[in-house]
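Each chain gets a letter, A, B, C and D, in the order it is written, and its residues are counted from 1.
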Amino acid sequence: MSYNYGNNLRVTLYGQSHAPAIGVVLEGIPAGEHIDMDEVQAFMNRRAPGGKLATSRKEPDRPEILSGIVDGVTCGAPISAEIRNTNIRSGDYSNLQDKPRPGHADYTARVKFGQAFDLRGGGQFSARLTAPLCFAGAVALQILKKQGIEIGAHLLAVHDVKDRSFDPVDPSAQLHAAAEKEFPVLDDAAGEAMMAEIENARAQMDSVGGIVECAVTGLPVGLGDALFGGLECRMAPMLWSIPAVKGLEFGAGFGSASLMGSQNNDPYYYDNNGNVKTATNNHGGVLGGITSGMPLIFRMAFKPTPSIAKEQQTVNLATGQNDTLQVTGRHDPCVALRAVPCVEAAAALALLDVLMD
Amino acid sequence: MSYNYGNNLRVTLYGQSHAPAIGVVLEGIPAGEHIDMDEVQAFMNRRAPGGKLATSRKEPDRPEILSGIVDGVTCGAPISAEIRNTNIRSGDYSNLQDKPRPGHADYTARVKFGQAFDLRGGGQFSARLTAPLCFAGAVALQILKKQGIEIGAHLLAVHDVKDRSFDPVDPSAQLHAAAEKEFPVLDDAAGEAMMAEIENARAQMDSVGGIVECAVTGLPVGLGDALFGGLECRMAPMLWSIPAVKGLEFGAGFGSASLMGSQNNDPYYYDNNGNVKTATNNHGGVLGGITSGMPLIFRMAFKPTPSIAKEQQTVNLATGQNDTLQVTGRHDPCVALRAVPCVEAAAALALLDVLMD
Amino acid sequence: MSYNYGNNLRVTLYGQSHAPAIGVVLEGIPAGEHIDMDEVQAFMNRRAPGGKLATSRKEPDRPEILSGIVDGVTCGAPISAEIRNTNIRSGDYSNLQDKPRPGHADYTARVKFGQAFDLRGGGQFSARLTAPLCFAGAVALQILKKQGIEIGAHLLAVHDVKDRSFDPVDPSAQLHAAAEKEFPVLDDAAGEAMMAEIENARAQMDSVGGIVECAVTGLPVGLGDALFGGLECRMAPMLWSIPAVKGLEFGAGFGSASLMGSQNNDPYYYDNNGNVKTATNNHGGVLGGITSGMPLIFRMAFKPTPSIAKEQQTVNLATGQNDTLQVTGRHDPCVALRAVPCVEAAAALALLDVLMD
Amino acid sequence: MSYNYGNNLRVTLYGQSHAPAIGVVLEGIPAGEHIDMDEVQAFMNRRAPGGKLATSRKEPDRPEILSGIVDGVTCGAPISAEIRNTNIRSGDYSNLQDKPRPGHADYTARVKFGQAFDLRGGGQFSARLTAPLCFAGAVALQILKKQGIEIGAHLLAVHDVKDRSFDPVDPSAQLHAAAEKEFPVLDDAAGEAMMAEIENARAQMDSVGGIVECAVTGLPVGLGDALFGGLECRMAPMLWSIPAVKGLEFGAGFGSASLMGSQNNDPYYYDNNGNVKTATNNHGGVLGGITSGMPLIFRMAFKPTPSIAKEQQTVNLATGQNDTLQVTGRHDPCVALRAVPCVEAAAALALLDVLMD
């Protein structure tokens, strides 16, 4: 089902950008877990609109807990949280009714759902649906952390500007560096250059793509399985649910295609504690679909925001003629930027699901 | 579940490399479909070992139909097909019992399953499991073809050699070109150079990575859905079940990260038949998780075969000491080569599943 | 997952009896369906507390639509509806903290979830969760009705008093008779006697069991499948999710065990319109797990409400001693009575799910 | 999916009565379990045809293990077992092509699957599919036994003859009594009378229904969950996959409908070991969908075998006229008899699945 994910931890999302509310039902979190709501809110704030490089649609994104948590402790019933949509300007979408935005779901969703599709704000295709995803992810992150599993992401690239990569063998010191900054990079100089790229895109009534890199430390050896139970198979549908993703790679990823086996294979050795480690980490922490105990490393490519103010060619479904379109409304010039915490949230949910096998 | 895939079309795989048999149960194929068994066998032969660039383990890969097909016609019961494992040389694996091959599932599976893991030939992690996958895919391909949907793949890259890419806007003339050749490329000169790379890797007791590109034509507009129902989310677990995959991208993929929105967005227009098309196809046929009617284009990165004859560093789990390893046995120097039909099969199964929503 | 049901139509329930809200997310309803909200409310009112034979907890049970319906029409996004819990008297449950009520989930849930279990009002085990189920069922019933499928139930038995059974061959005239009455029976004299039984139980600080019979007309031939896809297999988990169910039978049910094949087999014949019918309906509309086109007939047994005011023997988990208990609070003396619309709702959801295969 | 069951333990069945083989793929059994194959075969022999009261179709029902078990020990890969169909007399079914047997799936399957349906022997609707189910169940029973969980069933009723019931509070001494006898009852006098009923039915070219009662001891407290996760919801689809089931009840079942709460509620007390028990067991071991630690007790009603030699009224789908039918071929006069081990097998698979949550 499209709005459901998970075998052990079930995430059910609902809502449209301009519906009364968006929300999530999270089933499978064990009873008795203390959830720090301030920490949840702090995590959600990382995704929330607000920065000068983001959309001007400002909403507090404050989830209300409807069930599953009593006095800050999970009770075993599904956790339900809703976020009311308060700052709605549906008028912005009136000219999109018949002229689908290139690069967006307008046309494909219109064909799929017909005239009844709730086009306002992109309906259920809006990146706003990542707010309840981040709520659920924030809960999952807290539970993982108690088990010694930590997740961090940063903006690896915007347009042609690149941040430093995580150290694939030991990213622990870098893991939360980006989260603590205004702009989520490891190398602040790269961050400055990226900000310039994004500001430049906005100034040109354009947008720009980017890459998010994520690392996970503390995973035990042995998570995942063969074939469809491979860790990548389990994570991919969750990761790819984030809007605008066009690529996903683990470890050396596409780069491994131009390596020789003797370069790509990561030699095993015993570390000082008698644990089996690999000297390099081209495999990105997963071998044969199963975690190796090395840090899990993956990268996701985000396309440029399709909604741009520049004039574009499109069709007019009402007149049946080719037409032009200028998108108004409030849009982020670089979705990859706000995707950073979303990637962490999605990874947390997918990994907690696998851990609960 | 790890050996099961699909919502409407259920693929269940079983077997280990050196078990009595490997096989597949395929549920959900409608009753009354004529299946051309010669065509199935011809497809499976594309994956089967045999070429001079492949493993020297030669097996006919002839599936026996146990149920679901009566006189060449599906009857509505699950289709069950088995392939007996006949050419087994388990002795090749005796020295691997305690020395895990770098880059392979030996270590991770051993931790997961313990001593009972059937290490011979890689057990259920063997690429041999793609034989029943190809059987199931061959059945799916025939059913898709009757609906006007065609799937083709080629070897886009080996090491640093690149084949010509599919024309993303109209690959129909190129679709089956690779399948009809001894070596699955569009550009024969590139093919020659790739063969040299593979032969060179083998000569050096090494292996080499590659990229497979796949295109699908004839898909209707409107397949897929938002969030976890996105076409990529539905396809990814099937595609990633093929061993050695390290990356997956749709359309412009990772390249879209360095584009501006005005470059990446594909303008809509009405073609001469009044159909909505896009002038370019950076989106790769999927927008908002839903097919656009443009060709579906995706690429998968395959790492170099981990089993290489060169000496490698590893650990000895029996002695608890670092050790070295030389892998004997019969292995393909470039898994990407034989993965070409596997990618087509996996795409066919995933897309037929989505089509049956 | 425990709070999720369905393959094509996905029902996700959440909430506890004394949480801020209970609710449902209903995914899979096609876009473009007009939903009559007054009819939904009228259906929910049949389940809502209020009659003199029911609990004295009075709540309006008015669902708020959060997503999925725009101006009374489904838009293709999941339908989310919440019902705030307003009339809460948690104090009633303070003495149950350590003394589990016999026949209730108190003890089993306490062992499963530990001290964090939200015992107030039975938590997620409360029959109050059937309110969002009835909301979802009311939506499903409207969609089924447009397809000519109608569902009706009545109270077949309370204690030793029996209502007339549905005519298994043609119950269409009786289908909605019970729904239109104050007390949901076909035979009003039986209804009077049942009311006396229930009133008597309450007067004795006791409760009483009952049986609900349900019939569905208009189902096409061919729904369901062999084995786990049998219609009964598909319906059972939904039907059994209603609290207090202890038995389920289709057609002649347990009675068929004491029949000969020649008595139980329903002879086929062509009716005047050339349709295949059966002269009798011991099979209850389902043969080999597949609908036959005859009315679907099933019955469900409901145990007496476990919460009774009479003194009972129980254990005290705090003292580790045997103890006695008198349950205060507001409870229906016969859960079967209010279960009548719940059975219709559950049947509608299960059948719509199967119809969407 | 129709041929798949389970969340953690996945059972996939395949085959038709007259296909080359029937079989099962069983995924999720942990690696390292010793499976006693003689015990498996002994269990399967209880279901196999052969007794004088059963069909004259004699087949050894010897499963061949294709994967998942190496030298008698599970290796973590799916266990695949096939049973070749050897004793096939398809000619018996030629006159059924157009004249559906009353009470059987012939007509409903024909409408569902069309002319391609493999009618011979009932296709995938044949009770023969319970042979691979019993194989899988035999494996599950061995694993449960190691955890102290034991399952036993007996024939509680045939026509109007009743066996003694299990002691619901402590059936442990009775659990395997029926399995050790030629005829699976607790009370041999009742068994004699049942045999007479079955023989009488056969002599009259008729058949007869029956009831199977099953008990499970050793289950821990706390298995199952609220709503759709209720133990009954989890077990019902597995139990109802056995052909000819018309009813299912737990504990007092339909009988609880005519009880008062004060009669039906089972009082809690501490036993001598300080364990919480109930003095009676009307709840049948499950409260609020969760096991209570008391024996799990359930009963299933089986209709009389629909295939009887007596002349019956049916339709002729070829001529479009009413017609008569005399079924030849080899059929059990009482399916409930051979269902006894099937019920144990199904219960074992369902409970092991829940235990693995």
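Rule of thumb we're sticking to: a residue touches a chain if its C-beta (ideal position, glycine included) is under 8 Å from a C-beta of that chain, and two chains touch if they have at least 3 such contacts.
The model shown is predicted, which means the values in this text are computed figures rather than measured ones.
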| item | value |
| --- | --- |
| Minimal step count in the chain contact network, chain B to chain D | 1 |
| From chain C, the most remote chain by mean C-alpha position | B |
| Distance from the mean Cα position of chain D to that of chain A, given in whole angstrom | 46 |
| CA centroid of chain C to CA centroid of chain D, Å | 26 |
| Numbers and ranges of chain B residues touching at least 2 other chains | 1-4, 13, 77, 109, 112, 123-124, 226 |
| Complex interface listing, chain D residues touching chain B | 1-4, 6, 10, 12-16, 19-23, 25, 27-28, 31-32, 64-68, 70, 73-80, 82, 109, 112-118, 123-124 |
| Footprint of chain B on chain A - complex, ascending | 1-5, 13, 100-105, 107-109, 111-112, 123-125, 129, 157-160, 201, 204, 206-211, 221-222, 224-230, 232-234, 236-238, 240-241, 243, 245-270, 274, 276, 278-279, 282-284, 286-292, 301-308, 310, 312-315, 317, 320-322, 336 |
